[in-house]
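In order of appearance the chains are A, B, C and D, and numbering begins at 1 in each one.
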Amino acid sequence: MSLFLAGISVLAALLSALAALVSGPNGLLWHGMLRWVGQATFRPARTNERLTPGRFSRLARTMPFVLLGASGGFAVTAGLIALLGGATRTVTLPFGLPWLNWHLALDPLAGFFFCVLGIPLIAASLFGPGYVREFEHGKHKLSVLGLFTGLFVAGMELVLLANDAFLFMIAWELMSVASYFLVAYQHEHATHRRAAFLYLLMAEIGAIAIILAFGVLAGFSGGLTFEALRSAALNPLWASIAFALALAGFGMKAGLVPLHTWLPEAHPAAPSHVSALMSGVMLKIAIYGFIRFTFDLLPSLLWQWGVLVLLIGSASAVLGILYALQQQNLKRLLAYSSVENVGIIFTALGLALIFQSSGQSLLGTLGLVAALLHSLNHALFKSLLFLGAGAILHQTHEQSLENMGGLIHRMPKLAALFLIGTLSISALPPFNGFVSEWLIFQTALQAGSIQSGILRSLIPTASAVLALTSALAATCFVKVYGVAFLGLPRSRHIARAREIRHPGMLAGPALLAACCVLFGVLPMPLINALGALTQSLTGFVLPNISALGWLWLTPVSPEVAAYSPALVLLGTVAVGWLCYYLLYRRTGLEPRRAEPWDCGFGGLTPRTQYTSGSFSMPIRRIFEPVFDTRETVEEQTEGPASTRVTGLRYQFQVLDRAWAVLYEPSGRAVTRLARWVGRVQTGNIRTYLGYAFFTLIILLWVVS
Amino acid sequence: MIAAYLVLVIPLAGMAILGLLADSRRAGRINVHCNAWALAASIWLAIDVLVHGPRLSSGQLLYIDSFNVYLIVLTAFVGLTTSIFSGPYMAHELETGRVNVKRLRLYYAMYQGFMLAMYLVLTTNNMGVLWVAMEGATLATVLLVSLYRTPESVEAAWKYFILCGVGIALALFGTVLLYFAAEQKLGIGGNALLWTVLHVNAGALEPNIMRLAFVFLLVGYGTKIGLVPLHNWLPDAHSEGPTPMSAILSGLLLNDALYAVVRCKMLVDGSLGTQVAGYLMMGFGLLSFLVAALFLHRQTDIKRLFSYSSIEHMGLMTFAFGIGSPWATFAALFHMTTHSLTKSAIFVTVGHAAQLAGTQRMDRIRGLILTQPAIGWGLLIGTVAIAGFPPFGVFASEFLVLIATMRDYPWLTPLLLIGIGVAFAGLFRHLQLMVYGDVPEGQKPIPANLLPVMIHLALVLWLGLSIPGFLGDWFSQATQLISGASPL
Amino acid sequence: MDFAELSLYSQAVLLLAGLIALTSFLMLGQSRLVRLVLVFAIQGILLAATTAMVAGVLDFPHLYISAGLSFLLKGILIPVMLHRMIYRLGLHRELDTIEHPARVMMGGAFLVVFSYYVSLPVVAHSPLVTLNAIAVSLAVVLLGMLLMITRRQAVAHVVGFMSIENGLFFAAVVSTYGMPMVVELGVAADVLVAAVVFGVFFFQIRESIDSLDVDRLSKLTEVDKP
Amino acid sequence: MAWLMAILQTLLFIALAPLLSGWIKRVKCRLQNRKAPSLFQPYRDLRKLYRKQPIVPHPASWIFRAAPYIVFASTVLAAATVPLAAIHLPTARIADVIVLVGFFALGRMFLVLAGMDVGTAFGGMGSSREMTISSLAEPAMLMAVFTLAMSAHTTNLSQAVNFVLDTGLVLRPSFVFALGGLMLVAIAETGRIPVDNPATHLELTMIHEAMILEYSGRWLALIEWASQIKLMLYGVLIANIFFPWGIAQTFTVNALALGLGVITLKLAVLAVMLAVSEVLFAKMRIFRVQEYLSFAYLLSVLGMLSHIILEAAR
């Protein structure tokens, strides 16, 4: 049943791609056919005027999204059934290689990630129809967008369903390629092209690493189905090689430092509802892959892997958020924040690995649950924020924080939804981000039960880094909200922004915001539902998780720690309301509007406000070595001979150090190597004959 | 076996007719017809083999087994689709004055001549005839490379001729040695060059001689495959000749040369009982793969770019055959199919793109998707397919090669990883600029027939999703034949 | 076995082998094209003679055809064609000097030794005495390649190419008494067509670069252009 | 009964917080040879503010109005979870020490947002600095807390206090370091000298005051009150975690009275220490705060390491 629904979900996504392809006068096939007919009679490119854009085009615009939404709905249903049912369903489809058909399976782990995928997908498909309206009359065909969105979603769902390495990789790459086309969708911008190129390149290299990781397992087991791979008898060296390859491959997709550089380039380039899916969901698919490979396929775990993952995860978390703080482009900032959150998830996974390999399976399970929960939470709030950024982009065509401000007055509903996202991602109680980070802290605090002193000191240090990260995340999102929504508008078009009128564009974020609050306040049912999942992966179910009842969260035992988000919410609301009642209702003193203090200069202008750049300046200065800052001051003089300075032009850029350390050198190395190799081909035929001659001589010498 | 003879006779007749016919417009159509009939005959042959198993002709001159039967159909198919493309293409070239009627006649006649040579290479059972046909293929195409008579095209043709001529001469020396080795065991007579006979008696052949023979054969036919450092003719010839010819060179000739090498390898492996031949092939394959991947970065000419990509893929196939394990062999066989389908499709779109922009220089080709979406998307999707992204078929073979390498030679995988990454970057850094972006001034859509491209890519997609049963059986049988074990 | 104890036939074959190797060396050192073609013709005739002798002594009638073909093609047709070509293109006065003749000759000598070294295992497994000649044929092939590498004139390249073919044929004759007939005919046809195509190319090259110097055919390159 | 006790204790917390501020001010004045205001002056200030009509600046939105309530509520909730005079209260289970940090963060978030809501340079400046300092202080604080939690095997404050009581006087090096770290963090988080000066409105140096510059009337009262509670919270935390002796373990009148008396005494002593340090030190430049906080962090880390290395059970 669950697998059937999942299959329907994939089909719906594919149908949505198809619907986009064939539908509408803007549709690709339709258009292409008209072109063709036009060319056959040598009248190229006659625009089609028979079908006026009206009801038909609206149908064409919404149809793919309706199907995508259906796909999301089926995905959530299938995922819930699989997660709660706990059984694994498998099926084999007659595709693929002759001796290796496509094996599909849906187990609780995949089911959970189906839920992670489904909810943002529903939200994105609610958001989409309104958002893409502006593309309708643009240069780029809507059908291309719809086609690849559908394929992208189908690819992600198939990754979750895959039960053999071959199908897994097909689906994985399908996901990458389809999202590549989405990143390159508005390809007239050079930055988008560059981003798409970098993205696909890294996706390709990562995919090869994953293939090789599977290859190691296949080499020791003889088959490519997951069943066969699980039975691989590896020695620790080969297992470590497989693990390292998998970490590199999945980590590249998930955006772990230093393999993250594609992420802040690619995510902002895609249309916003796609960015939401990429950042919210696709990164989770990478995490799914990592969990599947490490916890499920690898026969045993080593604590060294856990340390590696913990270190990389912590580095990603703190570097991600530090870079996010320095971004002025809202979507770029959100993308860097995804690096941070993926880092947090990997930190939790690292803890789980360490505990699991040290024989503390119960604590390992706790870490895994924390990681899974944070994956879901991040999917929710990051999609919410990306959709919010998309809504701002749609209404104002502005991405830079430096030009925003005061949007809360112009778009109050969106502002409220965005605030929930901001609070969730800043890990504040009682929202969902806090629950998962709290669980991670709780896991880390159990480090005392580990024998090795090194690990015992490492884990708390990592958790302190995590604390730094979450504090910085709060700073970052205070900046975002404060600069974008509060204060005075910093540019004219922002001052004239309008509230969203398309109901779907609010409904999508609203759904996610509701989930953020719901899972923040009542995480217990969710964590209980993960029982079957952890049972299959680690062999344990958290026993004491609801020792105090469904209102309380007690990961280890009630004595060690307890947290009741519902009561926290209740208490906050009660106290707040009481104060309000006592202080306002009873006195009835209405507040008065007045000018704020402007130091007596007469009127505030937006220019006196703190900007996004100035807000994050102290952090930049404190963490100076992390950033590659480029500051230039250009003096403008009256003429070439004059020395009088009439104006100053100040330019400031914060670059990712990874570029200068890793990427630019490797790019240069390839170019240099290519130039060097190029000398081989001189163009002179005698040289070429010489090559053949010496090849022959050498080979003869070698074999005889 | 009538079908096998038909496959040979039809292009022969076509060559004769087209060589004598003066009407260039009808020549294009006749060319298509010849290829269509050849395809029909090849399908008949395929069904014949499917039903009856490997077939040996009465004079033992022709031999069709599961290794070559699908290559024959593939050759006929690519030949047909390329000829469909070449009609309007060459008409356009005639209009723009790059060729005249006389050269067009030569073109069509040699097109059929080349097809004949290809069929002969694939069908023959005689290693000597195989050599003759291979040389014939060079001779048929060398004048086509210089068809435009530009200094560059003459230069390219000359290099093509000399390098391939010398290379193939070395292959003949290898063939002589092979014959010598066989004759010692089988006695003097006509049978000692028949592959079927040789294969049966491979174990008895003198290993020392076979080893020498293989070196000559590998260097000789390797020149035609385009193995580095013997590849130098390849990008020149591909870039300067007419595009349909680039398509069939890349899609067919390289495959057939590799086919010849693999046939020889089977004999040598049987004789030596060691992996020497495999190691040599792996070395050459890997070198070609890496060097070609680097060369991709330096290209300015669009057809040169894709010809280096061909070298890269041929290197990968050679490498995979060299590994010799069932999975790798299966992958290489499959890759031969998907690569030639994809690469010929790419060359067709490249031809249109070059006509659209009026140049082959990549820095002048811009904004294809917005100018003419069919060409832009065709090129983009084709390149995505050739770069090894699923669900296209090239992925499946690259996947298997990687897995097989990891199993048998894990320390080589970092090189493969780097190579694929570098090659990918090399392709896309040029491609993106061409297909994306705004339309340059004055660029207008042209009449283009992209049916071949669509069919090819659809087939590659189909193969990527699911290999039809009979084809899978052939691949498996051929794998069994080459590697001695079944991939199942 | 001492050389003197061999049959006269064997002695003759080995003598011819030596002569053919000599012609290869002569070609390598020859700087005038006309003489180069002449030496090449002599090599072709020697090859034909060898073939005919083998055919006659060992009674392989089909080798007569092969000998005839060799004589016609390599001894007469192609040299004559090349000769006329040289005059028509006005190359008969031109010198194609090689840069370091001594080194090239030393290299050639080394190649002969190398060929011998390489063909040792082949020879070791054969009862045929004449098989020592296979080292010579390999040397002829390699010398032909060396000739092509050292020369700039397109005509010299053709001669080198054809001399490689001569080496091959010689190998075929002394080791296996010729190839099967169908192959022989095919090869001969290929050589003929190749010769014609070469002729066509001379004019095309001449037309495009106004000379037959292959060093000037170097537009298509991957080296950075300044 | 227990719940009632918990609510009573929380109310007591709220009620006593201004008194502590008054006491600190008084001690400070004495130390500086100034005439001290009444001990109840903070209550008078709050009452005065409560009666005033509040003013909303033009650019402000509902965040500006809502923030004081949220700040106050989150602080009160934090106070509810910290054992003041007795342990084993049920509220301690609602939230542990990590959630406590979360409450502070929630309140701070809204305060900072409100600071940015008014659209002035001061608001932004104060917000930026506040977030910077707190993002450095938070890890130091958590690290200190973790040291305690790892010793006590719990993050529940009530349980932790119980643990210290049970084990009796143990000279744990880790606790010494953690105490030092926590004290430094407490000074930073409550905006006292040398990190911030709550008594000044000097434009370029203020942090906390810059954010709330536009507040007036009851809102200002709430914010002031909340920060007084916060100050007391830190005092109680330090006093009860590291020196818990005297705290009521049962809900008898005697025990509770003793607990109350003891905590009053402890807070008074801590307040004197704070006042003395405020008199002795001057406010630092803003970019020296990071050094100060890294020192706090270092102390906490040392505490953690000494817990692992020196106190390891063999």
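Just so we're on the same page, contacts are C-beta pairs under 8 Å (C-beta built on N, C-alpha and C of every residue); 3 or more make two chains touch, one makes a residue touch a chain.
Remember, it's a predicted structure, so these values are computed and weren't measured experimentally.
Among the other chains, C has the CA centre that is most remote from the centre of chain A. The interface with the greater number of C-beta contacts, when A-D is set against A-B, is A-D. Averaged C-alpha coordinates put the centre of chain A at 37 Å from the centre of chain D. Averaged Cα coordinates give chain C a centre that lies 99 Å from the centre of chain D. Work out the mean CA point of chain A and of chain B, and you get 42 Å between them. Averaged C-alpha coordinates give centres for chain B and chain D that are 77 Å from one another.
Residue positions of chain A touching 2 or more other chains, listed in rising order: 675, 677-678, 680-681, 685, 689, 692, 696, 700, 704.
Contact of a single residue of chain D with at least two other chains is seen at no position. Touching of two or more other chains is recorded for residues 118, 121, 145, 148, 157, 214, 217-220, 222 of chain C. Touching pairs of chains, sorted by label, consist of A-B, A-C, A-D, B-C. Only residues 28, 31-32, 35-36, 39, 42, 44-45, 94-99, 139, 141, 165-166, 169-171, 173-174, 176-177, 184, 187-188, 190, 193, 196-197, 200-201, 204-205, 208-209, 211-212, 214-216, 218-219, 224, 241, 670-671, 673-675, 677-678, 680-681, 685, 688-689, 691-692, 695-696, 699-700, 703-704 of chain A touch chain B when the two sit together in their complex.
Interface residues of chain B facing chain A in the complex, by the touch rule stated above, are 158-159, 162-163, 166-167, 170, 208, 211-212, 214-216, 218-219, 223, 229-230, 232-233, 276, 280, 291, 294-295, 297-298, 330, 369-370, 373-374, 384, 387-391, 395-396, 399-400, 402-407, 410, 413, 416-417, 420-422, 424-426, 428-429, 432-433, 436-438, 444-448, 464-467, 469, 472-473, 475-476, 487-488. Residue ranges of chain A in contact with chain C, taken from their complex: 675, 677-686, 689-690, 692-693, 696-697, 700-701, 704. Interface residues of chain C facing chain B in the complex, by the touch rule stated above, are 118-119, 121-122, 124-126, 138, 141, 145, 148, 154, 157, 161, 164-165, 167-168, 171-172, 175-177, 179-183, 186-187, 189-190, 193-194, 197-198, 200-201, 204-205, 207-209, 214, 217-220, 222.
Residues of chain B that touch chain C in their complex: 61, 126, 128-129, 131-133, 135-136, 139, 142-143, 146, 149-152, 154-159, 161-162, 165-166, 169-170, 172-173, 175-177, 179-180, 183-184, 188, 190, 192-193, 206, 208-209, 212, 235-236, 239-240, 295, 298.
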